[in-house]
Amino acid sequence: MTITVKFFASLRERVGIDERRIDAGGVSTAGEAWSAVAGAEPLAETVLIAVNHGYARADTPVRDGDEVAFFPPVTGG
Amino acid sequence: MTITVKFFASLRERVGIDERRIDAGGVSTAGEAWSAVAGAEPLAETVLIAVNHGYARADTPVRDGDEVAFFPPVTGG
Amino acid sequence: MHVEIREQPFDPWRELVAYQASALDGSADYGATAAFVGTMRDFNEGDTVRAMRLEHYPGMTEKHLEGIVREAVEEHGLREVLVLHRVGRMAPGEPIVLVAVWSGHRAEAFRACRAIMEDLKSKAPFWKKEDLETDSRWVERNTAG
Amino acid sequence: MHVEIREQPFDPWRELVAYQASALDGSADYGATAAFVGTMRDFNEGDTVRAMRLEHYPGMTEKHLEGIVREAVEEHGLREVLVLHRVGRMAPGEPIVLVAVWSGHRAEAFRACRAIMEDLKSKAPFWKKEDLETDSRWVERNTAG
């Protein structure tokens, strides 16, 4: 009954967390997964969200077994 | 006192001439150079014209020593 | 179609030639190949850059790139596509990305190669951190295409 | 900048690598390379093509290509350009043309590579004659880019 939460790049450094597993109970959206790990730190507009490797939004539903990721604007290529 | 007239590709085959030197006397434009070599064959709208390796028109002036070329639409690349 | 993340330096032109030989050898049914290579520069936003670290999101990055390539193949009717992207620590002058596209005619090849690059730069999960003379910084945003 | 007409088959990617090594070796001041290769196909307008002869206008062709390249360098601020074009008799699968462009950023590289190809196809004096199964024909017009 867990959800995996990941942070990348500058956001990982700021939050100070690489990856954490949280209890899926009481967490029903990606935004709630953020709050469960990042606490009082607000989820900025510029933060990108992915659920199970696909782009998502703060109100995208999440459930047991899902992987939720938060990261800054991408800069590849 | 000559002008060199060249034909390329399908136009060379149709006119039956590769290159010919003509007397510059009485030839003052590219179009007149065409007539001097191709005779009665009309200079079609689709024929491209170059004078001294630069694109030109039928009324472009030519003079002694110039090279005038006639060719069909280009198909390189 | 092939998409790959590389942790070691690669020669993009050698990779292109090898892929073409394996995926298109002997065929004369494509008339156009368009390729783009992005190379790490030693200068950015007024500063000398000594090195760079490229981070990605293993799993999502590959999945996203495969989706971009699949879409481009369908939209532009491509014959083949090769995408390679470097991650990890790298030095100026080293290739970061290769996008190569094979198609019947040039219009699709140009359009698809550029479309794949634009999508890759704006959506594929990669992040660059530059080492400057004395400190390091995350690149905050890609320039528009 | 280099423009060349070739009477013998050439490997465009090997040429690109060699030119980059000689003209840009050691520099890390370019971030983008865009390249296009046109290859002879074995099929055109519904017919099997066995061979092709590419004619050009010696002198004017080189001069025109050099003009195209010079314009592109000025307009797009390019770092380097290489253009090779085949002439003479050739077989399906053989490269016809290579256009490679090096620049600071990708937008100029893509735009310039395409602009050079479009100008080359619409204005540089080359003509193709195709050998079909039983006869031969001049290609009358290039397709739009």
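Read from first to last, the chains carry the letters A, B, C and D; within each, the first residue is number 1.
Heads up, the rule we're going with is that a residue touches a chain if its C-beta (ideal position, glycine included) is under 8 Å from a C-beta of that chain, and two chains touch if they have at least 3 such contacts.
Since this is a predicted model, take the numbers as computed values, not measurements.
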{"item": "Steps in the shortest chain-to-chain touch route ending at subunit D and beginning at subunit A", "value": "2"}
{"item": "Centroid spacing, where centroids are CA-atom means, of subunit A and subunit B in whole angstrom", "value": "72"}
{"item": "Distance from subunit C to subunit A - Cα centre to Cα centre, in angstrom", "value": "27"}
{"item": "Geometric centre distance via CA averages, subunit C-subunit B, whole Å", "value": "48"}
{"item": "Residues within subunit D bordering two or more other chains", "value": "38, 106, 117, 121"}
{"item": "Per-residue multi-chain contacts in subunit B, two or more chains", "value": "77"}
{"item": "Interchain pairs in contact, sorted by label", "value": "A-C, B-D, C-D"}
{"item": "Residue ranges of subunit C in contact with subunit D within the complex", "value": "13-14, 16-17, 26-43, 92-93, 104-107, 109-110, 113-114, 117, 121, 143-145"}
{"item": "Residues of subunit B defined as touching subunit D within the complex", "value": "6, 8-10, 48, 50, 53-55, 69, 71-77"}
{"item": "Interface residues, subunit C side, partner subunit A - complex", "value": "38, 54-57, 59-60, 63-64, 85, 96-97, 117, 120-129, 138-142"}
